[in-house]
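As written, the chain order gives the labels A, B, C, D, E and F, with residue 1 at the start of each chain.
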Amino acid sequence: MIFPILFTFFLLLSSSNAAVQDFCVADLAAPEGPAGFSCKKPASVKVNDFVFSGLGIAGNTSNIIKAAVTPAFAAQFPGVNGLGISIARLDLAVGGVVPFHTHPGASEVLFVAQGTICAGFVASDNTPYLQTLEKGDIMVFPQGLLHFQVNGGEAPALAFAGFGSASPGLQILDFALFKNDLATELIAQTTFLDAAQIKKLKGVLGGTN
Amino acid sequence: MIFPILFTFFLLLSSSNAAVQDFCVADLAAPEGPAGFSCKKPASVKVNDFVFSGLGIAGNTSNIIKAAVTPAFAAQFPGVNGLGISIARLDLAVGGVVPFHTHPGASEVLFVAQGTICAGFVASDNTPYLQTLEKGDIMVFPQGLLHFQVNGGEAPALAFAGFGSASPGLQILDFALFKNDLATELIAQTTFLDAAQIKKLKGVLGGTN
Amino acid sequence: MIFPILFTFFLLLSSSNAAVQDFCVADLAAPEGPAGFSCKKPASVKVNDFVFSGLGIAGNTSNIIKAAVTPAFAAQFPGVNGLGISIARLDLAVGGVVPFHTHPGASEVLFVAQGTICAGFVASDNTPYLQTLEKGDIMVFPQGLLHFQVNGGEAPALAFAGFGSASPGLQILDFALFKNDLATELIAQTTFLDAAQIKKLKGVLGGTN
Amino acid sequence: MIFPILFTFFLLLSSSNAAVQDFCVADLAAPEGPAGFSCKKPASVKVNDFVFSGLGIAGNTSNIIKAAVTPAFAAQFPGVNGLGISIARLDLAVGGVVPFHTHPGASEVLFVAQGTICAGFVASDNTPYLQTLEKGDIMVFPQGLLHFQVNGGEAPALAFAGFGSASPGLQILDFALFKNDLATELIAQTTFLDAAQIKKLKGVLGGTN
Amino acid sequence: MIFPILFTFFLLLSSSNAAVQDFCVADLAAPEGPAGFSCKKPASVKVNDFVFSGLGIAGNTSNIIKAAVTPAFAAQFPGVNGLGISIARLDLAVGGVVPFHTHPGASEVLFVAQGTICAGFVASDNTPYLQTLEKGDIMVFPQGLLHFQVNGGEAPALAFAGFGSASPGLQILDFALFKNDLATELIAQTTFLDAAQIKKLKGVLGGTN
Amino acid sequence: MIFPILFTFFLLLSSSNAAVQDFCVADLAAPEGPAGFSCKKPASVKVNDFVFSGLGIAGNTSNIIKAAVTPAFAAQFPGVNGLGISIARLDLAVGGVVPFHTHPGASEVLFVAQGTICAGFVASDNTPYLQTLEKGDIMVFPQGLLHFQVNGGEAPALAFAGFGSASPGLQILDFALFKNDLATELIAQTTFLDAAQIKKLKGVLGGTN
């Protein structure tokens, strides 16, 4: 027994809220603030808070765009709360499309795990940056810029997107314009689209007015 | 009916707390944290939370400095909470002065909407940067530096100040020194001002000791 | 001569780069980094670096949208570089429209200086937040969300927008989609718009393919 | 030709450095600053700057730990510079191990693409959080905490790690202690390890003293 | 009585939550978020919240490492919450050692107040940076990197460490590896240490398995 | 020779700019940006960059305020550049005073190493927070708020101040007002001080006009 007193070393530190400063697992029922969700009490944090299995399941692509996005953001994966990172799974059936969208809160790195994906973003000066990505390729989409992904091959494609925020947000262009009660005339005025076009897409997406 | 299944696309995302990550309207009654006020529940957010009409009303300049500042910070305008921006209205009657002050939490851009304003700030190396601003001019005051605004014309002046924080703070030099119970001797010791000068300004501003 | 030695007090500090830490006026010719432009040498900084007069001049609204935006971002107004704030002027003739757009890098507070402006943004859950703003009203548009401004009155409208970044960016939806060489088929695939509609707007905006 | 003047709309904006504010592709030859590498000139930015194919190639696991890490950080993938995100590929042959290490600059989300990985981290209060991850599982490792990954199956494993920084850093415990010229006695004093153990690992890893 | 109306100047501001935006004294009983603890109500803030006397008392070095660390982080010193700074006291008896450790959340500046301290850190490229510090010397340890301090003299040493976070965290290497129930075999696999060495240190530090 | 191949493990990482991401030692001759100075080339970084001995030397208090401040900010101590922390030494002879000042860029924690110091700050709501600090006490001064330190005892006092920025800045109230060429009338207008008082202090401090 050579080091008998070492057990009591740093006791003050050990009894402080050390675990709290390492992470802040989201307590989804507590108040949320600008920096994210409130933290779960340290005593109730479990390893399961840091693990998420939802991305192992293929999303349902039996829909018109033949695509599905499965997020693991702080609201679904409480362990990333406050840590500035999250991830999502993207399934694209043959012919599948993730239409133009933005993430207001973070940049994205897309990793193609299977298949071929044509992806692109448009910069503020309206320059498009397009690339056909094969399995193993990655592409970065800077924060807030419009971008899209399209299955460019003859087989299903699978990709994973990493984000530099636990809550990167997602605004899908067509949904923002056509899947609500914005007046057709107002949309026409602010997009230069024809009223007939707008009404057609409202019909498809369930918008009114 | 060509796109029947699209309505269910991204259902997982739609049912998540998408709105929460876009903004964090202040719930002034809930706990506040270092990053700002807690967020209102998404379901209770209204467009009025993002609109503020208080800056349309001229401030009352019937006071000794012939000036008024009307803030639209997070505490008055909950919609800016967590968004890193706020604004204030500045009315300067003829002869009006906003005396030396600092904003500890943000830089400021002043826009002159009406009249002429002589403004200036002093850098850490004691260099003053002074300018007479006409209608339409803007001037930036770096975070935390002493600055002032004076009506430099023969008519009332109106300006608006944008800040890079939802709660930029405001410390008015004379109020900090003379509008409290700091002992005259202590102020003299830490400002080199004469006791008589200090007592005179304490009298004006309501300070004691 | 009572305080002869005070002149030398804090000499070490006075001779350090005090001015540098207060601000970082953009040297537009030097390398730029993720946090903004390089700083001008302190010795060459003048008060004019902190003042900008371009917003006093009405933008030219003799165009199809009857609107003009005049920015005072870091690239135009070097004094705001690194200070997390900037401003822009918005002129809307009768019938003028600033079509749907986003600012990838900052939230915006719009102040209506003259006239009536109908403004709105759409949240990630597709809820629109619309308001008719009168002179003196302000409205906040959270970072990265689609928003627009329309002159809602019978007279020209004037507004100023404050941003929580020196380089907030600006992506105009129609320009991003139609004012470049993105293939019509690709746009159709990623927006669900009809090819005829796309080609029509490409024609208007100068896009090809 | 119905909208002839629209071409000139926002010309001021179009001619500004719009592209610059969207992203900051690393110029690896220019000065680096605390926020990252200097930006390439906008005119020389190509789509290839935003795409990286190195992660499609399996790392060489013919080494003693039967593992390989292939990073796509800003130094390898200039497009992520300044965007707060990066990614790495992790190959683990049967019996492969990524020994205890930390990322000083970012949290990590690990996604298992193939095989079984036993992963874990230790919190500041010394609590270990361990989990056996199957294909499709993700796990988050909070910034700066010691963690490891071990192939827990009978087949090669493949994983991808997303980071909330373009330069998350990597400090491998054994390399930091044993792969340099730190004196054995000093290591013994600051780790409580026996000198024989230290010398043995120095021998393996190429350290001296 | 020359300035009678000045008392009412800035009343709107005075009645706002001015004090709240200046600081956010931790309410240790309220919910914590990613940015820190919730703030105490302004009305209950006292000067004692900003003052801490615990660092005036020598830590108990009657332990095996002959050293003691006394933190004044947000959990012990609520006044620093949200302010991005904290401090700790370090006592090193003759022969005392603070073994290899990291602070996941902040860089550290160590100031030697008394005695001689041999300190060092190891960079990500495994380069050690070592220095013998005399009274009055300071040394900086970059965020997240392994570092240590050893009393290098014949008398007790005293130092103070400043941190760039109110909750910098502290992970002590030996405690993370040996003072818990991590399986010996797993530690061996992820550190290359011999099982006998691991069991020996588990015995010393109270670990199991 | 049991682990022959391990030497080549992580070669890709070892040859990357690992050291660069750990720290960014200031190259004072290279361009500066909003986030700090450019980094020295990794190959030229030495341990001396991380060590500073200037704080071991007492400042010269043979001046009118009987005080001296010796900073170790990024400009004096290049190793802290980009790391969000710095430190300064404060010497106060008997009767010594550090007059009212602010740090625009960081909060401060003051540690009293010797003697007695009366310190205080004033909050935005004009509430003063004052305390007599004995040896070993610490006090925090929130960012941007006016504060002071006075030797409150019969012996010299010594203190060290930690800051949450590598370049916290320092604006000394009297110097900003009186140690430059600001017109006496303008100062009177913006501070309410009497012209005679202003001229007296200009005389002491070397100001003109």
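Please note the rule applied: a residue touches a chain if its C-beta (ideal position, glycine included) is under 8 Å from a C-beta of that chain, and two chains touch if they have at least 3 such contacts.
In UniProt terms the chains read A, B, C, D, E, F = Germin-like protein.
Keep in mind that this is a model prediction, so the values were computed, not measured.
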{"item": "Mutual neighbours - chains that touch chain B (Germin-like protein) and chain C (Germin-like protein) alike", "value": "A, F"}
{"item": "Chain whose Cα centroid lies at the greatest distance from that of chain D (Germin-like protein)", "value": "B"}
{"item": "Listed pair (D-E, A-E or E-F) duplicating the B-C contact set, over half by residue number", "value": "E-F"}
{"item": "From chain E (Germin-like protein), the most remote chain by mean C-alpha position", "value": "C"}
{"item": "Whole-Å gap between the CA centroids of chain A (Germin-like protein) and chain F (Germin-like protein)", "value": "41"}
{"item": "Whole-Å gap between the CA centroids of chain D (Germin-like protein) and chain F (Germin-like protein)", "value": "34"}
{"item": "Separation of mean Cα positions, chain F (Germin-like protein) and chain B (Germin-like protein) [Å, integer]", "value": "26"}
{"item": "Chain E (Germin-like protein), residues touching no fewer than two other chains", "value": "3, 18, 21-22, 31, 33-35, 83, 104-105, 123-124, 126-127, 130, 142-143, 145, 169-170, 175, 204"}
{"item": "Interchain contacts, given as pairs of chains that touch", "value": "A-B, A-C, A-D, A-E, B-C, B-E, B-F, C-D, C-F, D-E, D-F, E-F"}
{"item": "For the chain E (Germin-like protein) and chain D (Germin-like protein) complex, residues of the former touching the latter", "value": "97, 99-100, 102-105, 118, 120, 122-124, 126-128, 130, 142-146, 148, 150, 169-171, 173-177, 179-182, 186, 189-194, 197, 200-201, 204"}
{"item": "In the complex with chain F (Germin-like protein), residue positions of chain C (Germin-like protein) that touch it", "value": "2-10, 12-13, 16-18, 20-22, 24, 27, 30-31, 33-39, 81-83"}
{"item": "Chain C (Germin-like protein)-facing residues of chain F (Germin-like protein), complex", "value": "31-35, 62-65, 67-71, 73, 75-76, 104-105, 167-170, 172, 175, 204-206"}
{"item": "In the complex, chain E (Germin-like protein) residues that touch chain F (Germin-like protein)", "value": "3, 14, 18-19, 21-23, 42, 47, 50-53, 55-57, 72, 77, 79-80, 83-87, 106-109, 111, 113, 121, 123-127, 129-131, 133-143, 145, 160, 162-165"}
